[in-house]
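Just so it is clear, A, B, C, D and E label the chains in written order, and each chain counts residues from 1 on its own.
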């Protein structure tokens, strides 16, 4: 054939190998890393997962949600419920968290999809508040007080003793390693899954809907179904991640689980300074966020003040985020999704 | 030799809500820590302070950081269940000894149990220790104050849906049964959310029950809203005895005239007859020192924050290896000392068996805010039947 | 009084005008004609300051105004009847008219009363929302709105677009009255015959360039066709 | 008459929410700007009035008069220098910028004023009550409600009777054509935010006199303000008042059933209204 | 056989009736032109046929089936392809991806067949050179070509074209006419809204005139153009 389609690029190739290497390294990391690093990695990976899903919603699906904390909280509470009320082991209970978030997403989407733009954003926020207030009435899980995971549940968690034996660690450290591996798996699955989705024809449909909904309908894309699809996926993933985070925290309260700053605002911050609408953006963003936090969090309110100002400045000078700035200049994409036609007569084209 | 004398510095972790809505509890941190480090015993210690930003998630996170990255030997924490509970839970899970204070013991102990509704499932902790008073003390203090007045013994209760409110308002283990035993009836319309803008429903319920006393555990802005609305809507009880809302003088000053003769529990004051083993200061000295250094009036948490460091010094004086968590925990359990907030010993005195190993109670009395001519307020102890060693400064007065 | 020199205009990467030179004398009516997309609207928008250009590409009484924003150009006495009427839907007819005269307080013949005299139907409908009018009435409002500024130069973009012939006749019948008030006019028009009838001079644009200019009487139909389509009929 | 009382108190509460929401409604209606810092700006206004009251011993109402021009200037500058650059089709830039502003403002106030909860003293006015026969209501809530009405009447007059109001509406419809009328959209937007800050000052006055405030308290009320604006319909000021009242009444009625349902009832009322009318009660013909 | 028929279709925007009781049929394989003054409701008519907006009254049949209530997406898949008067490309996708989207969703081709189908269309519309360019960077002319190409990629049996010849030079216009004739020759039914009459006349077999939302004439082009009404309301004068 004279022409063929390809998505791979040199940068993408290299990035692919580097990514595989990094994943392998990450898997064996607990062998030589201290607990501090493992915990930092857990924080980075879970925030990354939340950021990737929010980016999927807002950056690809055009759905600017301010209510993702509903799914974090729902996932976390469902996990606690499964452990405390039904005696399920915390690890499988994480799945229950994902499913619960998914179930919550159905009525949420039914309602929120009637709204547009800013209305949608506020609507999702209100729904998250409603969920928080309802969960705060759940007396068996402590109501507004919150509750802690019982020692024996966290102590005998699946796999903990195996990890303990493997590395000769104390129980608490073994739990960290286990949670870290789960976070790693979730992050890899999330990024891999989103990347796969975007390279698939669904990716085309998503971009089409985001660029121009009316035109997308006119070429046969079911815009409504695409929105449902990404919303549900994001809710499920966010719920899983929320459950995992709270397995690690072992303590929950409605204010903590449905915290709009932590689970939505910081996540938006991460995506936007990194670069919305790219897979690389949230990765870069979470690293910057983590660096800022470890360097300056001890300055208390000045740190938060600076975080606010940084958000404003980045939005004003680099609306497409730092990765956007970089890839506009260099044309480099680590996760290329563009389908390029290669063959005679085709100018290499700007990317 | 005890860990104290070994030369290497002992690392204390301290999680404190230095920013955010709970920051009032942390305002004496700098003052107390400076005094501690300057003391003779303090020279053996290093204190690593982390700001929880009044956020329970963050509190748990920084507690972990302290344990893992800073390799502390002992954790100290104070300032409401929102701050103490996540830190204590984390320490318990990590096997790190923790001394906690400034939260009633029920929300602290029961609030950390998996299923707070099922006493059979409650378990003691191996590493977490807490000293403060409990609801039984508050019940006794409040009753003693009200008994000084002539009322119809009908009480209106304001309990939010948070850790304190749920503990206080619990129909079985909260304050209600205690009041009932003394012949008082508690009218509790139900849990409300913090930062509620309207208390008409509660006021109507209290009016309907002809309540002459109001009690509860309310955050400051909500109490102001409630109290102003009560006056606006013609509800005038003889006593208003609330916890939390009028803890800090600024909150009372914010009420102006309406703050006069509001009453509350007093856990520490500048008239407490205790002294610091670290600096030799009396309670009055400690309070005055704070005012001199910051220009701000003394507050109740000052004594308790100070006592945390007394505890740490005492405990580390009794262990050989500060890095052995089990040994440190055992030393905490064996504590028997006098602090600036009273005697601390985990001997189970006055506690139900399930909490005996982890909790110690400190004295509690009742006080009333008296407005002075210049618009500032004095906290006057008006009842000391629960702790006679603490002197009173007046008697309980009915609200005008 | 108005002159463009080598005026260029871009929409992003797309260049819509390639060095257009036109002049307008005081009291003159100039018609701009050309095919769809020739750049007529773009030319008017560049003059009005909606699209910015280099300062010296547009001269008003010799002063460079190419880089001024639209509101400042308007303050200098240049007003515009935009393509597609563009009334403000939240404003009533009367408010739509008032807003035209609100920032430039120049003395001149035009006021609410004189505009209503010119288009009596508007007086009757003054309280209805601007967009509840028929297309022709909306066009009258758009013209009235531009007149309210008492402009020295009025730019009219396809004022007969989509209007019934009888309305077009009315509007064109009003032009002499407008000119009598002392304003110069630049009229963009698809309807060539109409344009030739009212204009003192004509420019024909094709693909962003002036391809023909002259007095109506001097221009032949073949020349117009060539200027329009780039090929003789 | 607990039933009547509940409704009356709910309506008065609605006045407070409408006052919070009026400034938001203005900028949302004119610029489609979702201002997440609105609650914090109210808190900042309250601190400003508090400073004036403490420093000069002014009556709070006079202090608010002094604060108003400062707040106007601040709003004007904020819009001109920062927010104008975020306007456009995309709702994210203003969302993120005002969110950043919200965090920065809260923490700057915390540094400046500590976490103490403060209150503007109105010298006994807070507790004054008026007996209306069937119900006894506070003078302060009545004043708040009356001020909300006055603000809305005032804004409506500004909107529908003045040249500036015409300019507001014209720019909100179509900035490009408005600039052809000699109006500078950037300037009009700045004026709008300035005016919104005047309303913020009024809200801050009542907010600060009514109950304690601290630097972190702003966002808690923001969501009610948004709900009021959205229930009312984009840009409809009377709609905003109606929205505030709906939420206020829903809250007091919910609380009368059980205090646990108070805040929830307000949110649920909001969701129900939007379920029936996704564009609010009094939507504009064109969005 | 009739491919499309409208029965008494009406649409109002507020007080404005934009489509007023419109009834007409289009036989399969025909090329129909639509003319009328600006704002007559031509584009609205297209939106009604494609389902981008819903009719207030009346019925629309496509291929003998009532599609009045079907969403746009269903109608595309059934074979109604359209271009937009103001080009609406997916700006961040490349030209090729724009077509691929249309081919995989509108025509529901399997992944393997998409490329081949798109290549044909790219050649036919002379966009091959720009295949890898993001559509947001195209010039207006190329955007218009892309509109046509993307509509074709949905595999339409009925192709609706909205003013795609406006702004073209004579040469470009002739090339476009040739392309459209070729598409027509393959059996695709075409409805074309156009103000460039000579281009339209070179393709269409029948002409429909719309004014104020009403059909004021439909029939053989020469006869329509000669009618007094059309001369008056649309042409205004003779050139």
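Everything that follows uses one rule, which is that a contact is a pair of C-beta atoms (placed from the backbone, for glycine too) under 8 Å apart; a residue touches a chain by one contact, two chains touch by 3 or more.
Fair warning: this is a prediction, and the values are worked out from it, not measured in the lab.
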Chain B and chain E share contacts with A
With chain centres set to the mean of the C-alpha atoms, which chain is at the far end from chain D?
-> E
If you average the Cα atoms per chain, which one ends up farthest from chain A?
-> C
Determine the centre-to-centre distance between chain C and chain E, using the mean Cα coordinates as centres, and give it in whole Å.
-> 31
From the C-alpha centre of chain C to that of chain D, how far is it in Å?
-> 43
Whole-Å gap between the CA centroids of chain A and chain C = 54
Which residues does chain B have that touch at least 2 chains other than itself?
-> 19, 161, 191, 193
Multi-partner residues in chain C (2 or more other chains touched) are 131
Multi-chain contact sites of chain A, meaning residues that touch two or more partners | 133, 137, 301, 304
Which residues of chain A touch chain D in the complex?
-> 58, 64, 66, 111, 114-115, 117-119, 121-123, 125-127, 129-130, 133-134, 137, 260, 265, 268-269, 272, 276, 301-302, 304-305, 307-312, 315-316, 319
In the complex, chain B residues that touch chain A | 18-19, 50-51, 53, 55-58, 60-61, 64-65, 68-69, 81-82, 85-86, 89-90, 92-95, 107, 111-117, 121, 123, 160-163, 165-167, 191, 193
Chain D partner, complex, touching residues on chain B are 19-24, 27, 54, 161, 189-193, 195-198, 200-202, 204, 208, 220-222, 224-225, 228-229, 231-234, 248, 250-251, 254-258
The answer for chain C against chain D in the complex is residues 48-50, 69-71, 74-75, 79-80, 82, 86, 88-91, 95, 98-100, 102-104, 129, 131, 145, 149
Chain D - residues contacting chain A, complex | 28, 32, 34, 82, 85-86, 91-93, 95-97, 99-108, 110-111, 219, 223, 226-227, 230, 260, 263-264, 267-268, 270-271, 274-275, 278-279
